[in-house]
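Each of the two complexes below includes subunit A, the first together with subunit B, the second together with subunit C.
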Partner chain A sequence: MRLTLVALILSLASPALADTEAVIRDHILPGQAAFSAGTRALAEAAQADCTAAALQPAYNTAFDAWMGISHLRLGPVEEAGRYQAIAFWPDARGLTEKTLRRLIAEEDPVVNTPHGYAEVSVAARGLFALDYMLYDEDFASYEAGSYSCALVQAITADLADLAGKIEAEWLSGFAETLRSAGQPGNTTYLSAREVTQALFTQLTTALEFDADQRLGQPMGTFERPRPKRAEARRSGRSLRNVTLSLEALRQMASLLAEPPPAETLAAFDMSLKNAERLDDPAFAGVETPQGRLKVEALQQNIRAIRTAAIEEVGTSLGVSAGFNSADGD
Partner chain B sequence: MTRTLMAALATSALTALPAFAVEKAAVLDTYADIAEAAYGDSLTTAKRLQAAVQVLVQTPSPEALEAAKAAWKAARVPYQQTEAFRFGNVIVDEWEGKVNAWPLDEGLIDYVDLSYGGATDENEYAALNVIANPKFTLSGNEVDATEITPALIADTLNEADEVESNVARGYHAIEFLLWGQDLNGTEPGAGNRPWTDYAQGEACTNANCDRRGAYLLAATDLLVSDLEEMAGNWAEGGAARASVLADENAGLNTILTGMGSLSYGELAGERMKLGVLLNDPEEEQDCFSDNTYNSHFYDGMGIRNVYLGEYVRVDGSVVSGPSVSDLVAAADPAVDAGLRAALANTMDKLGQIKTTAESGFAYDQMLARGNAAGEALVLGAVDALVAQTRDIERAVSVLGLDQIAFEGSDSLDNPSAVFE
Partner chain C sequence: MTTRRGFLATLVAASSWPAISWADAGNPAFLAAAKDADGSYALFGLSMTGEDRFRIPLPDRGHAATAHPTAPEAVAFARRPGTFALVIDCVSGRLVQKLDAPTGRHFYGHGAFIGDGDILCTAENEIETGQGRIGLWSRSRGYARIGEIATGGIGPHDVKALPDDTLVVANGGIRTHPDSGRKKLNIDTMRPNLTYLGSDGTIHEQVESDPALHQNSLRHLALGPDGLVAFAFQWEGDPGESPPLLGLHRRGEAIQLLTADLSEQIAMKGYAGSIAADHERACVAITSPRGGRVHMFGFDGAFQGVVRRADVCGIGAADHGFVATDGLGGILSLVDGEVRPLAAQPRAWDNHLIAI
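Up next is the complex of A and B:
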């Protein structure tokens, strides 16, 4: 019955349009600027002092900025595998460690050519390669002037390059592609509704990723918890990433739907409150039944946000989630 | 209030009512008929593979190994075209891992090169080598593998220790037993298992030829019985057919979900893009046989088949009927034209990879670091698949199906309680 009613409303009344402009102006573009600035500062810091301890603060600032936009899997970041080059995770086959070890063992000269590092496997690029280089005890004790130092400089320069290009392409084209949906010449979005659907899909897909991957990976199964699979566990950012992701998604949801979706925002607040109370930065607690239960509860909280968003935001905007890159296996 | 009326209302908001009505039920019949034929062809070709494998094990020779490899490649042609049925059909998706799981830690099954390494943090049994070891301990249990049977493979070895890469059954386990490891990296060349790995007596290489033969026979028998099960599910009275036909709009949604999920997340993302971005030939789906370009090509063809409502069987006969394309065209001809063009573009791009690979530029080489031409070929097909997904979403929308995914929550009643 509910299904029938929803469909009737949608087919008879014109659905409310989303405030795309607010999302672009107050969420997407500031987020791109912060990531671009954060990675540029990180690359500059690496030129000045490449050692791990010196770089950790700038690394965390850049990663925080990434969490403000990591849910936006559309436009420039989806070109030529840039997303994976920034954030290659999960890594079921341990390729980041394997590839870094090989580069270091061979002292691969690719780190010395300007922009050459863009050719390297994404497993050894971006934030998760840095998580190894700056925090793993097998990697992080390098000294200035060593191969690893040059490697870290190459990774940070490549990352800043990516972030700068992505921001520039948003400013010079893709923001306009979203704004001009439905106008002649726009072959990407044939109507404003398609943009609304695309933004809504980012919201629901990212919530799924937070629940299924950021929490689900370390949870493993009850018999076989997998704490070593937690995202960025070496830097102890696993829970922080979930919190920052939820904060970014909450902001996008509040801007996307007018009036603001009260139930969805309340569900975000509940999750954020419980994330704050979790006190388990790298989800090491999943190995104990009580610890696992808490992570599982947060996972349920996040799934409840997604359900609320689908029923409330999706319905009021007249869209449902489109396909996403997590469809499939 | 019927769903048909609902859809008609949704449709009429966008365009005039169509001059003729395509029956949704007839479209679903075509879809199920194609599934029945394609799984039936998969079964037929798997039985030919089974016959070839029996010859290889009973009378090993270079020719017998080549014949078995050829039969394996032929069997992949109809099977890959069924992948468009996987996502959206729960019965298929839950079954699929039995026949087409990858990537695999092949050291579970047989000998591997030293460069493979041994057990890993992720998989304690990555180098178990069942063929060389009739008795071993698995997750704390003593296993007697003296006789290698389909049941041993299915119930004990596959996904041993809850590790997904312990793939003991299906096309890719058989592929490994026929080709062996591909040790050529991103250079040309497939696996090069000698036929004498199945030879009897002193001619036997790499030891345990009898057990290797037994494993190959058992795995092939299992593939045949798995495909029998799925072909039956799509025959008249079968569970998968009944499920699709139960509700017209949900059935149509299933078709488009299968097309979109395979196009974007699975084929473009998981199977194609990652391999290039990682420069890693082990990310190739058919990595032992170097047949990956064909698997991708026939995946693309399978997506097009279900949209156009037409499938050319392995005997050359054609199964066709009213199609989703007809429905979409009746609702909005521009959306149908857009999706048809996108599907054609994808087949062009996948075809370019296929023809290039067949003329000597191996798929492995396309993945190599710094190989700009290879990267452009593969990412060109990825872009085409992503673009076609957008057109599939438009088809979902124009058919008024995009509200179907709404469903209730199954979350805990009060997940916050544990924080108190």
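Up next is the complex of A and C:
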């Protein structure tokens, strides 16, 4: 009886840990599997017909799958520059375009060797290289059998290779690294609390990225909006990416805390509703004051989700945004 | 590497010097400020392997500290724009004295000793003009304020003393005013520099990096051998850019800027929080709590590798390699790119780990 009471008091006194198993099982692993399958299908489609119009549907499916996991910046995707090799954005200096132009002008034979493309600059790999190759009018009119065709086949094969390795490493090791936090030999996470902190940080950092980068880059300043900086604007995915990111983050937030964080989820729903109403797929509207105001309103909505998540999810899990990373000095 | 501790041990062994030394303070190897589990702030003395040696309460959030070269005494600084600095007896864990920034000045969070440990130099803001100042305090006169010199720039954040007592100052370039808290007031026009100063205020040398990088705030310093100065940057410009975050300099030469490969450089998120130099292994490390990374470079400029750890910030050189601290309470040994946890404390380590 007394022991039960002590246990009860202890459990009340210390904040809950994140439901790591639920996040791994229902969120992370299905997301990795979808991205791995989507990129594999894209690479296979490129082998069958490399032309831009033929590949666009498979490209969008793969990109949609990426948006389900792009907020998970831990584990295998952080090894060996993989994250940037999948998603080289933002790209203020236009390195993707420059590198692709150089490869095409020189007809660099790197595209012909199996796995050779992994040696190319991360700026010309992954989804954003494909956004140029499949949608930019300077790049997308290539024909089957051309150098650009081989280039697209190399980029898609490399991307599928990356996604497959990341999924395999989650299954063979990193999921277990999260589960075995605090056990001897685990030098990545010294306690279960560190995993809770890490998962929570993925949520808050990704919301910051959605607001500050995915929306903030094209918004620029009021005097100087930068619509050409919108993410994946050539394929017109900019707003879609924000929506899919919010949907993925909403799912993770609902799994992280028990009971479900009602205010945080309501803030997600408000943002998603406003994103749906925003009829501006590539944020071209930021050039007009009214258009910019609408994007800015969505940005405020997303910042409000982050505030709610810190107060509600963070408090229930006993974690906050990083002590040093949020500080700056 | 000859640490002060090692040097002192030799001295003590050779002469049976009777003065109270760092050995009497339980030989802490590091000092670090932290936010404790109960929300209070404190300065900790730590052993080489991460065990607590002492705990001294701080009135508010700390930033960095500087250790006296011989006496077991440290000065802990408030986080900017704080106005307190605490002189601490590391043997008794007692507060010796509280230093208050003079009217119209605040501390930036770093300081250094010169004159065989008799003069404490503190990085300060002349609030009215925003001009950087080094405050001078006489230890033998009970830490009386004995003067100040101009740093030749705005926002001097870190200051270090070279063996000949020349001061190296990282003028970060960012103007702030306590009335607006930590808000940055001059991002468009900021011009950071590295300045070598005599204690009489003579500017011996001043260097800036490329004008295109004028928004790269030069903030933290580490000293290498033979006049080598390493410095870490915090980028205030376009977040889509990934500028160099580490520079090396020697008097009379140009600044050498160092970068990792493109993907690793991007992953640092334009922010280096701390820097340390390991003389024995001829390498320098910078930390990015935002990127959750430590980058290591040789004194020759070559990128040597990365260690990943969430919210990592404090770093110092120990006998066996680097030791790093993080906001989750971890103390980690980084040897040859391998991470070995030394301790996990229920507290959040603040920005800096100061090697004694």
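Odds and ends about this structure:
FYI, the second predicted complex is superposed on the first by the 310 of 329 C-alpha atoms of A that agree within 3 Å, B and C clash if a C-alpha of one lies under 4 Å from a C-alpha of the other, contacts with A are read in each partner's own complex, and residues count from 1 in each chain.
In this section, a residue touches a chain if its C-beta (ideal position, glycine included) is under 8 Å from a C-beta of that chain, and two chains touch if they have at least 3 such contacts.
The structure displayed is predicted, hence computed values, not measured ones.
With both structures placed on the common chain, the touch criterion links A:23 to neither subunit B nor subunit C. When the two complexes are superposed, the chain touching more residues of subunit A, out of subunit B and subunit C, is B.
Using the contact criterion defined above for the overlaid structures, shared-chain residue A:228 touches subunit B, although it does not reach subunit C.
Looking at the shared chain after the overlay, A:120 reaches subunit B, while subunit C stays out of its contact range. Contact with both subunit B and subunit C is seen for A:190 once the two complexes are overlaid on the shared chain.
Of the two partner chains, subunit B and subunit C are each touched by A:322. Contact with subunit C, but none with subunit B, is seen for A:217 once the two complexes are overlaid on the shared chain.
Of the two partner chains, subunit B is the only one touched by A:274; subunit C is not. Contacts of A:304 after superposition on the shared chain: subunit B is touched, whereas subunit C is not. Of the two partner chains placed by the overlay, only subunit C lies in contact with A:90; subunit B stays clear of it.
When both complexes are aligned on chain A by C-alpha atoms, subunit A residues 78, 80-81, 84-85, 92-93, 95, 121-123, 190, 193-194, 197, 322-325, 327-329 touch subunit B in the first and subunit C in the second.
On subunit C, the positions that touch subunit A within their shared complex are 35, 63, 79-80, 109, 157, 234, 238-241, 261-264, 266-267, 271, 273, 289-290, 292, 308, 310-313, 326-328, 330, 339-341, 344, 348-351.
Residues 78, 80-85, 90-93, 95, 121-123, 187, 190-191, 193-194, 197-198, 201, 212-213, 216-217, 229, 322-325, 327-329 of subunit A are the ones that touch subunit C when the two sit in their complex.
Those residues of subunit A that touch subunit B in the complex are listed here as 2-4, 6-8, 10-12, 78, 80-81, 84-85, 88, 92-95, 119-123, 188, 190, 193-194, 197, 221, 223-224, 228, 270, 273-274, 277-278, 290, 293-294, 296-298, 300-301, 303-304, 307, 310-311, 314-315, 319-329.
Per the touch definition, subunit B reaches subunit A in the complex via residues 1, 3, 6, 9-10, 13, 87, 103, 120-122, 162, 165, 260-267, 269-270, 273-274, 276-280, 282, 369-370, 379, 386, 389-390, 392-394, 397, 400, 402-406, 408-409, 411-412, 415-419.
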